[in-house]
Amino acid sequence: MTPSISPPRTGKVFEDALSALEGIQDGARIMVSGFGLCGNPEALISAVLDSGVRNLTVIANNTGNLGKGLALWLRAGIVSRAICTYLGNNHDIHELMAKGALEVEIVPQGTFVERMRCAGAGIPAFFTPTGVGTVVAEGKEVMEFDGKPALLERALSADFAFIRAHTADPFGNVRFWRTARNFAPIMATAAKITIAEADNLVPIGAMDPDDVHLPGIFVQRVLEVRDHENPFEYKMTRPREC
Amino acid sequence: MTPSISPPRTGKVFEDALSALEGIQDGARIMVSGFGLCGNPEALISAVLDSGVRNLTVIANNTGNLGKGLALWLRAGIVSRAICTYLGNNHDIHELMAKGALEVEIVPQGTFVERMRCAGAGIPAFFTPTGVGTVVAEGKEVMEFDGKPALLERALSADFAFIRAHTADPFGNVRFWRTARNFAPIMATAAKITIAEADNLVPIGAMDPDDVHLPGIFVQRVLEVRDHENPFEYKMTRPREC
Amino acid sequence: MPFSQEEMAQKAALEIPPNSIVNLGIGLPTLVANYLLPDHGVWLHSENGILGMGPYPYEGEEDPQLINAGKQTVTIVPGGSTFDSALSFTMIRGGHVDLVLLGAMQVSMTGDLANWAIPGGRVMGIGGAMDLASGAKRTIAMMNHVSRDGSPKLLAECDFPLTAKGVVSRVITDLAILDPVGDGFRLVELAPGVTLDALRAATGAPILEG
Amino acid sequence: MPFSQEEMAQKAALEIPPNSIVNLGIGLPTLVANYLLPDHGVWLHSENGILGMGPYPYEGEEDPQLINAGKQTVTIVPGGSTFDSALSFTMIRGGHVDLVLLGAMQVSMTGDLANWAIPGGRVMGIGGAMDLASGAKRTIAMMNHVSRDGSPKLLAECDFPLTAKGVVSRVITDLAILDPVGDGFRLVELAPGVTLDALRAATGAPILEG
């Protein structure tokens, strides 16, 4: 076996965020990485506003915070449905909900990420003990395993996943930085088209095989964006000891 | 928030393989990492022979190959049940099966690892399309999702997981080397006591947080073993170009 | 005199076994980090993807991409690790976290926890609360004993939407430490100067002694 | 003259679209790696945990901890990655692998595949075969057209234990390339010198032309 492999040919690298959105349409289901504003793909979020698409379903942990991140989409009125886990400090989403302008599905965070992981892994449904005996259980099948009840939860997939990467190569291999990793590698598996917005584009082979956080099979498009705002939500510090 | 954290106190490091097995008993369910002989925790496998335990249930992809690895347990007659995916080249297991001395459950490899992953993740059961319409489906619940049938599969857990690591620190953080990773990080989540047999024990803090393959929460015991046989199963090479 | 918030946090810190892995919820439980015993080997888990969360950073060393689940800037201790949310909830839901300390709105005598929604109030969302409450090896609730209008929050049955059923093993309030035991709350410790009668009057379920 | 094994591998290589991710089963499909087109951007997946599997190592550079699913020593190409088995089967079962080439014992005209067990024979196990056959975007089977005793292996219905139902979209044999289309096998290409009558005689299901 002596394969004549020439890995560099990939065609995945896009020059700017708007062109990376090629094929996006009204009504698209879009996963966006980030825990609050930490790990947001900022350029892709902005480019969606420029693209003019609307009636979006957004799948994201918080759907924006403090008027930033995905709150920009909420303010522009281009989101009709949100699947998320926590809305605290996202005043824009509360306003839209109060007006009845937005349908919101709230999911426990572990179930949220597991539903996406299952979509990516070809698992159509799974049972979880989380939410048994709560409003989350309403309308869901319950089954007992070893005497403990669990809820049947379905896989959650999307048309696009926008993820923030620290480093990416042209094949789409990705490394993340600290807690900016959060939902990104899971969302990448669950969407038809995953776009990685990376702080740094590095050459093929720059990452050791053991150090790739997200293999390029899950990333269809790569975009280098060197400058990000990376806003703080709560900047906390401690005094220096003398 | 200024926690006075003193991470080095862990008590997880054991001096030799036999003492790392503390508490093992006849009838134990043991997961052992490795794809064939690649990624076997060799010292722990040997120590089990010395410990005198028997009537074991072994959960491992191949349960040994070519008379090595877990085949040593089979030859010693200390295994009464094996859960595995592939038996090719493992003549010892064929011999025991022919004699009726061993109960063998064969599981598709993706289902095998997903069952362990679910045990580790608190998911009691999941649906998979793999095995529909085959003998694997016998006796299992089938449900349709989006018109496609899937089988209900149960989580698979164990008393012990023995895993082979490249590097470990005293808290049990682990890095693997190349394809020796295979089932190890998943088995580690699915067992009550996971023992990492590492080629190198490094100090706390030697691994960057982003580079830990398996966080120490999943590893209860750590053992440094510098020398391993690491047998080849099929040593293939190609000619050097001139 | 009821326990102060700091005293409640100190009491909670005593519940943490050596070498254990602990998740501290947002609010009151966050204070517990200040009272962890030195050389105790406690590792803090944050569900957004840290095991081995450290203190707030020194000024000038804040990293917006290194936060806790309350979205505050934090650090990582030596030996700490970062990971994705699926693995983080594998830790939580899989029972690998030894102890979860959560703020509570209501706790019932059967250990039901309500801490994510007030009927008729703004929906803040669930976040990791349901997974944390039901997944940990042990769940302890921290809360004021009564609400601002004086109505009891330790009840025979919760009337707020539940977070999880039968998960709370201990409640630390400003008036007392109590264990939900099914037919009431068993008293573990009374705050200094609080009488048993006052505790009973402030509690919506039987108080059991001894 | 039927196709040789090398010619079958060459034909299979032509089925691989540029820039695709391919898993080659053990046996005949392994040969296909020799015929991948240069600059084609094909990435090989090995279910034991490699994306970007490279050729066998040079002598002296073999690493016993770097093997393929056939347990042979291999290498990793630049840009390749290693990962655990759960992520590897996420790739497979989740439909992220573009093409799987598998050896087959029997294939039915409805696309059923049997390749893991012979009735009454030694049980070799399933390995990744069931996940690979049913999970890939496209599954192609490679096999000799008839068994050693001359009996057909392309059948109306398989009588060996199934690996997966209705998954095979194309079969490459030493006599022909055919597509299972439900009521028979549609002929795509006949090996040079093989007559349609000979093909029909060697096949346990209708052959459809055009």
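Think of it as A, B, C and D in the order they're written, each chain with its own count starting at 1.
Rule of thumb we're sticking to: contacts are C-beta pairs under 8 Å (C-beta built on N, C-alpha and C of every residue); 3 or more make two chains touch, one makes a residue touch a chain.
Predicted model, so just to flag it, every value in this text is computed and none were measured.
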item	value
Those chains which touch chain D and also touch chain B	A
Interface with more contacting C-beta pairs, comparing B-C to A-C	A-C
Separation of mean Cα positions, chain B and chain A [Å, integer]	31
Where chain B and chain C are represented by their mean Cα positions, the distance between them in whole Å	35
Separation of mean Cα positions, chain D and chain C [Å, integer]	54
Computed distance of Cα centres, chain C from chain A, in Å	28
Residue numbers of chain C (touch at least two other chains)	50, 55-56, 72, 74, 76, 82-83, 86, 89, 92-93, 135
Touching two or more other chains - residue numbers and ranges from chain B	1-2, 114, 117, 121-123, 128-129, 176-178, 181, 209-210, 236, 238
Those chain pairs that satisfy the touch definition	A-B, A-C, A-D, B-C, B-D
Contacting residues of chain D [partner chain A, same complex]	18-19, 21, 30-31, 33-34, 36-45, 50-56, 72, 74, 76-83, 86-87, 89-97, 135
Complex interface listing, chain A residues touching chain D	1-11, 117, 119-123, 169-171, 173, 189, 204-205, 207, 209-210, 212, 215-218
Chain A residues within the chain C interface of the complex	35-39, 65, 84-88, 94, 97, 104, 106-111, 113-114, 117, 128-136, 176-186, 230-240
List of chain B residues in touch with chain A within their complex	1-2, 114, 118, 121-129, 143, 145-146, 148, 150, 154-155, 175-178, 181, 209-211, 213, 236, 238
For the chain D and chain B complex, residues of the former touching the latter	46-50, 55-59, 61-67, 69-74, 76, 82-86, 89, 92-93, 112, 122-131, 134-135, 161-165
